[in-house]
Amino acid sequence: MAYKSINTSSAVEKQIKDDDSYVDYFYDAPGALPGTLDLEPDAAPPEIVLIDYCETAATRSQLTNPQEAAAYLDTASVSWVDMLGLGNKETWRQMGEVFNLHLMTQEDVVNVPQRPKVVDYEEHILIIAWMVMIKPNSDKFHKEQVSFILGKHYLLTVQEEPDYDCFAPVRDRIRKGQGIIRKHGADYLAYTLLDSIIDGFFPVLELYGERIEELEDEVVVRPTRKTLEKIYKIRRELLTLRRAIWPQRDAINVLIRDSNDLISPEVRIYLRDCYDHTVQVMDMVETYRELSSGLMDVYLSSVGNKMNEIMKLLTVISSIFIPLTFVAGIYGMNFNTEKSPFNMPELNWYFGYPLCVTLMGTIASGLVYFFWRRGWFENFSTVKDDSEK
Amino acid sequence: MAYKSINTSSAVEKQIKDDDSYVDYFYDAPGALPGTLDLEPDAAPPEIVLIDYCETAATRSQLTNPQEAAAYLDTASVSWVDMLGLGNKETWRQMGEVFNLHLMTQEDVVNVPQRPKVVDYEEHILIIAWMVMIKPNSDKFHKEQVSFILGKHYLLTVQEEPDYDCFAPVRDRIRKGQGIIRKHGADYLAYTLLDSIIDGFFPVLELYGERIEELEDEVVVRPTRKTLEKIYKIRRELLTLRRAIWPQRDAINVLIRDSNDLISPEVRIYLRDCYDHTVQVMDMVETYRELSSGLMDVYLSSVGNKMNEIMKLLTVISSIFIPLTFVAGIYGMNFNTEKSPFNMPELNWYFGYPLCVTLMGTIASGLVYFFWRRGWFENFSTVKDDSEK
Amino acid sequence: MAYKSINTSSAVEKQIKDDDSYVDYFYDAPGALPGTLDLEPDAAPPEIVLIDYCETAATRSQLTNPQEAAAYLDTASVSWVDMLGLGNKETWRQMGEVFNLHLMTQEDVVNVPQRPKVVDYEEHILIIAWMVMIKPNSDKFHKEQVSFILGKHYLLTVQEEPDYDCFAPVRDRIRKGQGIIRKHGADYLAYTLLDSIIDGFFPVLELYGERIEELEDEVVVRPTRKTLEKIYKIRRELLTLRRAIWPQRDAINVLIRDSNDLISPEVRIYLRDCYDHTVQVMDMVETYRELSSGLMDVYLSSVGNKMNEIMKLLTVISSIFIPLTFVAGIYGMNFNTEKSPFNMPELNWYFGYPLCVTLMGTIASGLVYFFWRRGWFENFSTVKDDSEK
Amino acid sequence: MAYKSINTSSAVEKQIKDDDSYVDYFYDAPGALPGTLDLEPDAAPPEIVLIDYCETAATRSQLTNPQEAAAYLDTASVSWVDMLGLGNKETWRQMGEVFNLHLMTQEDVVNVPQRPKVVDYEEHILIIAWMVMIKPNSDKFHKEQVSFILGKHYLLTVQEEPDYDCFAPVRDRIRKGQGIIRKHGADYLAYTLLDSIIDGFFPVLELYGERIEELEDEVVVRPTRKTLEKIYKIRRELLTLRRAIWPQRDAINVLIRDSNDLISPEVRIYLRDCYDHTVQVMDMVETYRELSSGLMDVYLSSVGNKMNEIMKLLTVISSIFIPLTFVAGIYGMNFNTEKSPFNMPELNWYFGYPLCVTLMGTIASGLVYFFWRRGWFENFSTVKDDSEK
Amino acid sequence: MAYKSINTSSAVEKQIKDDDSYVDYFYDAPGALPGTLDLEPDAAPPEIVLIDYCETAATRSQLTNPQEAAAYLDTASVSWVDMLGLGNKETWRQMGEVFNLHLMTQEDVVNVPQRPKVVDYEEHILIIAWMVMIKPNSDKFHKEQVSFILGKHYLLTVQEEPDYDCFAPVRDRIRKGQGIIRKHGADYLAYTLLDSIIDGFFPVLELYGERIEELEDEVVVRPTRKTLEKIYKIRRELLTLRRAIWPQRDAINVLIRDSNDLISPEVRIYLRDCYDHTVQVMDMVETYRELSSGLMDVYLSSVGNKMNEIMKLLTVISSIFIPLTFVAGIYGMNFNTEKSPFNMPELNWYFGYPLCVTLMGTIASGLVYFFWRRGWFENFSTVKDDSEK
């Protein structure tokens, strides 16, 4: 028995359902039999598509079980066995036989997600990669594991989810014989698919670039609680992207330097290009991480600024009216003016009230002038300009 | 004489009793005899369980003292000597003889906790590892040191605490002959146990993942002082996990690269898988650390936001009622209206009071409109929405 | 088909149009044919300038198509083919033939921007560099990619934008035979141009140095919302500069260490100097980044300081007038003095009012003295001094 | 002439006197003669203790001058020359002769503090280490430099301060012949002393662990200005410890790897253990540094929280009483009720006053209910619970 | 033509004039001729001092032009040519000839400041170093570039500014034949001067240590706006020191490892000591940087603390007097007591006023007790204690 970490907490699961941004790795129950595959025994068998091509022709067929693939593997033509979904235990018993897979390899492929890596088994090479893409008609991103088994004349790819992939243009090219793809071997095919996966990070990053752009305005002009949540969410998701791309770079680097001759020197040149793209993705992820952490600082400052403006308003109003109210309070005292000429004689003056009002007006004007000199009112208009912008 | 750091301060001890999260290393009193074992001479002898198995059979026996193990060590069958608890000095005198242990090794095994590491003594290999697990029926995590002495045909494991371990499934597998465990040697057994230990980190991490998830909501919607304490506590405990997993990775790496032929090439392949899991644990620890440090920023901002809302309320109420009170104060002045027509004639007007009330109403409406235009009231309702969510 | 990341969002595009500070890398549509050039088939052909020189003479000619360059490439004289603008697909079909360019090279040169790098193709070396410069009559900076193809006797440079470059002094020197440039080969020419590009970073950095200098005053004396935006903007733009200069350093380092004999030992000495300049640029970028992040801290503190001063003003005024108003309120109560000698007899005292005013004066003076002792008024004058400075 | 950095400023000196936590390195006056020893010519000669031992016997003698040691150095027995205090120039003239010390070595030993390091002079090895310990009956820590000169059959140790050291247990062991110390050479003695020094860091660190523990409570429940000072002080002192332990690790590593055969392979095994302890010390220092920097964040948040509570109190009281005072102000206006039926007829109503009081009560209850609904009062009681805890 | 970055902005220049703390590197105008020296053609020739010494004698002479030095360079005696000031173009034409300097070397020496580095030209070694010193009678620090050309029997030093250097003690030692300087070659002389330069960093650092010490008090007890500026200034200046010392360490390391036999093995031992000092300087710079960044945190907290105290005062005064004023307001209402027995009968009670005053006293005492219980007054006295300290 094995657990998938995402199953334990419904809260976590909801999160993942939501946006696929919270990635934990698969792990065995402590003490579980190494090599246990986390599959339902009665799950439906996966769809398996075989594309077999050489320079002059390409055929596509749907396989009903892995054993049908056996005949193609050692022929000179390139056989791309594309498995959509993880299948069931029976599938893997057969896969193990046909492709001669170590138990450890099967575990890495089936118990998803694993950290991207490359393992060289001499006879074939295992490549674990993560594919991200923006879901059609949505601004959420989808993440799944794609595993490659690269042999001499074949490439096996296993996709976690059958619904999404970014390989359609490659299939097209094989079918139509576009470019040089049909002139090269399985290693070139593996490169092409890896390259598609890396290129798939860019549109996702672009989305984050735009979101950060929007937040840059929002955070200065109208920072709200929602802004804060958005910044935090972007930081968390970039953390996931980062965790996906760093080991991918290492994996591609291993491929380039690996001494196994399953990969030809020419394809290594192409892989170097793919490596450069991976570095560019990392560059952008790091840049966005820095930007979003800068946004948090700006947010904090904006909150402080806003408080200053609230306090200024309170202070202006209080400072003007509290003294005036005191003056009015004075003249509301009930000292008996008849008992003594010292007891508030001003109440009986002919110009008592006008003088009092004048006094109040003078105090108010003085305070207003005081605040105006210090530039407190300018600020208020600035605020207005900003919000009307 | 030797001290255990956790004994000095009762506060520290309480902390450890609580949640095992505050780990200091064992240290000798400065100048103490190297090789001094920190054991009570009169402590009870530990429970020692011997599991001896080959491909066809497995026996389990309880040993009363270490010397009984001597007979099994050089036989071709694999002997797993599992010592539960650290025992007393007499135990270790015998252990030293039976297993031919260097004084330094004994110290590392007995004076817990030591930093995870691997030391190769040619004839056997010492592996120090840290095991964490969630205590049953609790959300606290338990941490203890497990030491391995891997010889040609035997494996000695010493567990700090007899009560907890995660080796039950392995014992089961040996008894039932499941998997390939009985076909391999002591090195495979050591790998299996190490793998169980690493896999034991995942459920603990998952717990932290969930706590962080909960805090993410709490920190934005209802940040209280308790939230702050929780964030700090998570950061502190992740620091402990990090201190446990980093050296463990180095240790496993040493095992993989070590030239000692006590570890067969095939088991090295398995260890590589174990290494990958360790890296995954590290990845998650680092991710959670970043998330929790992001939470602290969010908390700070939330505190500021909350203050802004408190201040807005104060400002709205003060700004509306202070001017009105001033107006009321004016008409409460006692100027003698009989002495002069200038002295508050409005008090004697026919519509004096209605006009005054109208004036007040106008002022109040004007201010309410002013605040409404600036969006201060929207915010209040936002707050309400949030808290009702 | 290929996308340029800057095309997707009009917001992003506007940003770039504005100040060229938001650099994303070019990327292929996932799954696109490797080697697809992102060019309009019907774009105008680029202007191509050929400068051919040896120690004794230099000629300059305008080419109408790349094939005209073919005759010059293998002659002993140095041929600098300078392509201004990226041209169209037809141009590149011819370029590929004439200069024998790998499809991957063409992609790197045309699909801008790429990360700066050096790729050695034996027969020629590809150098990708980023050029920044301050636009004339403006304080914005312009950024474009310049690609070099360095062969035995020729240098091909491809500039993204025809309008700006910093090579005019080099052209002058070739024409006039100044310095040693006409005595050396194409490798020295490549060095000279690279050096111009690196030196072009300094004036841009100087601009940032000045801006930070100005902000240092502003942030302490008159921090406004605009200040915050400026600091954030500088941080973002320095991030871009940093992303430009780090890989450039690596690229130059590769050039120095590369074993290809297209670069002579003497030119390697010059490149080492160029490398030193690159490190100086990096030093300054990092310094400015630290300074600007320090400015953010200062800004936050200044906001807090300002609030303290606002609060002090409010507190002083409230603390003085609220108690006084209370006293006035006392004597405004309407207890019937005739019913009892205990009911506010002071209203009928001969010196009632003067005593009351004295009381108020005493309270006010006491509070003023209290605040003065605590140094609250000093602060106000400090503020004044600052703002008059 | 040479300066000791601690002499220049009396403030610094006071600091050091206080808690030994502010460590600057020794430095020569710029341009001073290299090899100048910073000693008073007329200082008292140091106490020099010679412990000479072999497997069967150990003698201890007090030397009056270094030359008496000369006779012991080349004998087969191990001679430990322990110099307490730095002595005067005459001492060092003799030391230089007897132990054949390079001028640079003398400078490193005498001009304290130097950065911990190991220098191999073939004939002997110089080891500079820092010893920290808690002063008896105090919670301050003491720091001094201990220098080792390890020769074939002798070990010279020079202690900066005669009053403190942690070598007493080692002396005891030599005298009593405990353990294996008398069976080994001078290299084992050097290891034993180094190990004592490293173990001496643990009790100091433990003290910091406890202080941080205490601050964790204080910072949440009762954060005051003193708390802030304590956190800063801990951070500063941990910085010093860190500066002491990092180079010590490097130094021990050099010892282990050094090819000089003054150190036997067996002692290298012991040194590896000592190295592990050093790494444990570093681990703890880094952990405490992270914790204390987390405390600073918590402190900042607590200050904000406290302000929120103060503001809430002010807001609750102001919001309730300001409107009520306004109502009272209304009915304190002096409109002439006789002039018109519109002029405050309520003053003459039979139930005027009761109605007014009811109105006030309603307003007050409404506001109290409003604040209660928003949970403002819960918070107050929380505060109380906390402070009574 | 070449620009010096400090010339462009008068603000920057003023800064530099002020305290020499704002260091930008020299850069050529983009595209300028490599090897252009930034010198006025009509500047005065520099003062050139030649000190020629061997073990038995030392002579000092003033040279009128570089060519006079030529005769000394190849003699067995050590010739130290010390050039004070950068001179003019004519000087350098001659220097180039006499010392056989590469154009690149001349540029590095003349176009100051350059990053510290070491370049080995076989026949001589170029060393660029930065010298800092505290200006006499001032607390500002002076920074200039000193360049060394180390040949077989000569050392050329070029100082940017003739007015300051720290070489006087070395000159003295040569003249008097103190120490071993006259027994060694030019390499030892170079070491001695480099060592003087490194030792010159310590007094500057000590100054910063003291300033930080002072700020530690200031920031907790009396944080003002000036404190903030001081902290920021220290951070900025430490950044400069750091930029000076890091490459210097690398340069010295290169010298130690360089295979050129211009540096004898014995001098390499001395250089190792010099390297250790450089590391100590770096240690202190990093420590001070951490401390000053900790100070910024403390400052922020102090600002928050101060606000809390201001708010407490406001809250105490408001909370006490606002309710009392309300009570007074009640009894100031003009309800007609004659119309109804319910209309404020208390105004006519015999003990009405005393009861009212008692009520007010009770409310006030209750509130004072409430605040006292929460410890608000303790805090005020704490503040007082602090400021009287």
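Read from first to last, the chains carry the letters A, B, C, D and E; within each, the first residue is number 1.
Just so it is clear, a residue touches a chain if its C-beta (ideal position, glycine included) is under 8 Å from a C-beta of that chain, and two chains touch if they have at least 3 such contacts.
Just so we're clear, the structure is a prediction, and the values are computed from it rather than from any experiment.
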item	value
Chains touching both chain B and chain D, listed by label	none
Chains touching both chain C and chain D	E
Interface residue overlap between copies chain D and chain E, same or different (over half shared)	different
Centre-of-Cα separation between chain D and chain A, whole angstrom	41
Centre-of-Cα separation between chain B and chain A, whole angstrom	25
Residues within chain D bordering two or more other chains	300, 304, 307, 311, 314, 318, 322, 325, 329, 332-334, 344
Chain contact graph, described as a line, ring, star, complete graph or other shape	ring
Chain order around the ring, beginning at chain C and proceeding next to chain E	C, E, D, B, A
For the chain C and chain E complex, residues of the former touching the latter	133, 166-170, 173, 178-179, 192, 195-197, 199-200, 202-203, 205-206, 209-210, 213-214, 216, 220, 269-270, 272-273, 276-277, 279-280, 283-284, 287, 290-291, 294-295, 297-298, 300-302, 304-305, 307-308, 311-312, 314-315, 318-319, 322-323, 325-326, 329-330, 332-336, 339-340, 342-344, 374, 379, 382, 386
Touching residues on chain A, where the partner in the complex is chain B	5, 8-9, 11-12, 15, 22, 24-25, 27-35, 102, 104, 107-108, 114-115, 117, 119, 224-225, 228-229, 232, 235-236, 239, 243, 296, 299-300, 303-304, 306-307, 310-311, 313-314, 317-318, 321-322, 324-325, 328-329, 331-334, 337, 344, 347-354, 356, 387
